[in-house]
């Protein structure tokens, strides 16, 4: 037979979202963990998956959520965005999980988004990203642009940088991030002297680095993701570029990635909210637990910390709502500020845009592949995914974007 | 149309400087079994290759009024020129019947190609009979013996209804009786078609050739009836050799059998 | 010999009942949707069976044609969702630019459907004509088509504003006027995909039993020899190649509403090889093998990939090795082998498939 | 020298040879119609197929499980049916291939080039481009370079011009005279029997006749084969 | 001038790496007809070998020279293992080797992902490769020069091996007709194993070079395999000099395209270039014709 046609009713979502099948009657609650355990992104996402397991174990040891133990269902996104979509649907409709945690690339998040929206599920996303998004069904525990990229640009301006070269992987996050960087650079009076993209799965940056060397920028802004970073750093060093003369600031090289690049990366910068070297009350405990955790890589990093936050944030939300129901959780988020004493400090959830406040930090990589913090924001930065507080971001573009998002 | 002849004039084939065929002329007519002989490397196979479009040649090869040279292989076949290969080549994975059916398909419309085969064509049954393969229609061609494959190739030419049959050493590897059977088959076929045979078996040639062309180093050395050619001292020197003696012995055998 | 086709036809009937009637009754929405996805791969696989199994053309780049159908469909659905506006993802990269020219015609449903059928025919026709006339074959052909798939995937990845790039196209709300979220409509989409699979099976069934089918096998085994029977093997191969491309395109087109997203990864090297994997597993030259193999691989990926993600690559890898090594004619050759083993030992052995391939690689 | 006794063999499930015993002798001719199993028997002798039953002995030693190249190392040489050569290698390379590692390799090659002048002429041409007869000459030359004790020839004169056929026939007689054994499949019955010490006739994989060679045998064999 | 010299030199180095990756294939594919899709994973094995060598020999000046032969042997042994267990059964079905080795590649990748840190491991460049050579105002990285030298040495060694020993002939004879080769006294099994060992070993050497350029991780091989095959095909199967020219041409083309357009588009353009070339010359740069009907 035929179902609804366009215009039949408030066509689109909502109408058909079937009643949730989440079972809250037992003494466990099912959660879904969704990460690429195979394929190209396994390189980065395995750790996120592991730290989610650690957080679940901690919470269970502590009595669980609303006195229910977490029973997690691990799924493999396999670095394939349709698989992310399929697994999300499976977790929501077959396994009936109360919420899903994971993802890394913005592409994977964009694949998950329509599915969680359709089934009115919950997705907790732990990685810094390009912003310009907010979904009632997604909570973002990584940085949006004004918490990572804008601080980085402010730092560069403070350093007196006049020319900047943009190097990124060829996909949605670097492309969008660079679009924003260009807008802000114009405002700051920093000249963009070049922009290069290489596919995510390609390592050879020689040709592009030759262009960088020729352009002689004051700084390189690096939005490369994954192992392609290694090729970039090696080509950079081969070409005779040095942190002393042409430093790099990265937004995707953390404690996990740095060792794989060898000594070449030492002296360059990264912008993150969390560093292993952060001195907070909660960080030492987090590092200690992680080091003791089986399969642990031995170092902590921003994305894994954000993933760690995501599970605790969910616990806080559910407990504030007194229910696992999605609408109740969303209502609780709006009702009063939810906070969590995270390793990066006490973060607060913005119930409207589903992002959290974060401190901005710039670190410089030392010989131990740890980061010496060279700059910190004076306070926690409130999340502003649509950059509404920034007048250099054109209002008409913002409107286009919100309109297109529907 | 049946009396159209194959006329080859000044055919030349060169391979990066090496002249394999250097201006060969001969003709072949329906009703005769034309033999093309000559030493190894004389250019016999190359002539056939050129006529059938497998290698590029210059000069002319006409079937009736139609020039063959310069056309693609399959177009030449469609004009009625068929050949066999020095090393038999059939479709190993298809059965004998399927091999023949494909050969017969040449004159079918492309739409009928999309229909399934029903029954066995008359022409195919006939060809099976003639070539002694009647017992093997369902045998995969790949497991036929050397000689059986050669018969299958001839059968394919028959169902293809080729007007010109160019046969490259069709009886190589056959036993004496099989050669006789094949030769008789060729004689029957030749009644209505042009048959050109390349062979080194002189015994076979003597028994079945109506006319012979001898090639040597890419040129025509001699041309005529079997007796004329055999008597040519040049032919004896470069090709038949002291086999003059052997010839008489072989002749004796033939005569003996014909008693 | 002559009876067998009708048995196969009965098999297709059983298959149709299972897919169209039984599956919707017994499967959950999730698994029915997944089965729909496998059907899309199976449609492409049936085409690969024709081109590779029967025609000997190892088409390692069916992703290209899968992409043509998929992206045609996805562009239409994206525009249908966006209405008068420029699609959301485009705004992200260049907010004020208009819709790219080549998107415009895809607003029309008729044009889109025509493109899904016409694009692969034209592209495969031109490509095949060029390759086959130049007698590109064997390993060259395989690697070349694979390279094309890689090139297209990279091209799409690198044109993010025009095509959605690596992230792909997703978030479709309507399917030719039907609301995609409605379960009844989703069932309808599934049934269309399953029905198309049956139609494709019927088409190759007729191909295989026709004289063309025999000619195709002959061309596979001794291409040059076919010339001397008065056929142009290029044309024979071209027909099979175009038909297989068309099937891939149809599979791709249905993939989009069922899965809800299309990305370059679904058409690149790995995806194209996975399509081949199903065909090899099931049996490249058989009628049902490719479709069943594709469904089996798809199912394996969904279920084993879930329960044992670290192990799935090993299983898939071993599957390739074991099947190709021991069962070159796929799982569908098992019954025949079994039967042969029990019959009296005088039947000819199953001939080896690839006698001709050897020549191709060598020459 | 080579003993083949009670051999059963075939391809896959198809049995081709049934209890075939080949008489021993210096030169042994194997005769029979197309498809009788002659080639199969020779392939078995050189080791390309393995018997399912029967004895395969060479110089008193069981070689049934020996790979062909090992048999060649022990002094067997094989000229297959159908003018086979390594098409991608030049004529000279085809010869060097077998001469490699032999003392006097160069001299052995030269001897064959003298025997077959066409090979000398086309020494640098790829063997795949040679004419059929030239390739056959090449195949025989390759076999002779190995200075075999036993020469296995499958229709060696097929496709060869009469003058060279005579030369090959002469060579075979000469080799036999030098004490080299020959296992010969030949359709040219007259010659085969003249050269052979013993012969065997195969029909559909069964031995139908064996006997002493010599031209006298010709008519009995012809009669036997004209079924 | 700078606009020409930089892409030319960069491209030559890229071509050299491509050549190293393709060299082993020109043996196993070009000479033996085996389509080894796991070749990229053998390259990965070479890279991981370099890492392991560095764990033992910490003097970084020495580790790479030691790693080269080690990687050759280790990858070669993996190749040998593959030959002995699987490929040996497949010589009569060359297109099927493609599928089998895809499976092998999957397994090797997953094993590497599980054995080594998922982020990959660092391979340190020796200090003597630091620095640049200034050519016409362009400072050319020493490492690129090293890649070119390494490729040159490998090509020279391989062609000498094929030309001046009887192996070359034997390999070609074996590929052309196994039965015939066997019956002319060639130990085809021995030849198969040796060829596969050397071909895979060369991939290992390429892996060491690659580890100095990009990441050493489970995914690294995948990016080389298709371009390497294209290079072998474009050069003419079994034609070493064709492979060399094709690799260089593709490398330089990539660099120029990358210079004029973007890194992604350069990939596409280079692929299309090779595909069009193969369309024009389907048998590659250099060809051998035979009279046999394929």
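For clarity, chains are labelled A, B, C, D and E in written order, and residue numbers in each chain start from 1.
Going forward, contacts are C-beta pairs under 8 Å (C-beta built on N, C-alpha and C of every residue); 3 or more make two chains touch, one makes a residue touch a chain.
Chains and their UniProt names: B = Urea ABC transporter ATP-binding protein UrtD; C = Urea ABC transporter permease subunit UrtC; D = ATP-binding cassette domain-containing protein; E = Urea ABC transporter permease subunit UrtB.
Every value quoted in this text rests on a predicted model; they were computed, and no experiment measured them.
Shared contact partners of chain C and chain D comprise B, E.
The greater number of contacting C-beta pairs, out of the two interfaces A-C and A-E, is seen for A-C. Averaged C-alpha coordinates give centres for chain A and chain D that are 75 Å from one another.
Rounded to a whole number, the gap between the C-alpha centres of chain B and chain C is 45 angstrom. One simple way to say how far apart two chains are is to compare their mean CA positions; for chain C and chain E this gives 31 Å.
The set of chain D residues touching two or more other chains comprises 11, 14, 88, 129.
Each of the following residues of chain A touches two or more other chains: 38, 170, 197, 199. For chain B, residues touching at least two other chains, in rising order: 87, 89, 143.
Contacts from chain B toward chain C in the complex involve residues 52, 72-74, 77-78, 82-83, 89-94, 98-99, 101-103, 105-106, 108, 112-117, 138-140, 142-143, 156, 160. Listed in rising order, the residues of chain D touching chain B in the complex are 11, 14, 31-36, 39, 81-83, 118, 122, 129-134, 136-137, 155, 158-166, 187, 189-190, 222, 225-226.
Those residues of chain E whose C-beta lies close enough to touch chain C in the complex are 29, 33, 35, 86, 89-90, 92-96, 98-100, 102-107, 109-110, 114, 175-176, 226, 229-230, 233, 237, 262, 264-265, 267-268, 271-272, 274-275, 278-280, 282-283, 290, 292-294.
Listed in rising order, the residues of chain E touching chain D in the complex are 166, 169-170, 172-173, 175-177, 179-189, 238, 288-292.
On chain A, the positions that touch chain C within their shared complex are 1-6, 8, 11-13, 15-18, 37-38, 74-76, 78-83, 85-87, 89-90, 93-94, 106-107, 110-111, 113-115, 118, 132, 170-172, 175-176, 179, 197, 199-200, 394, 396-397, 400-401, 403-406.
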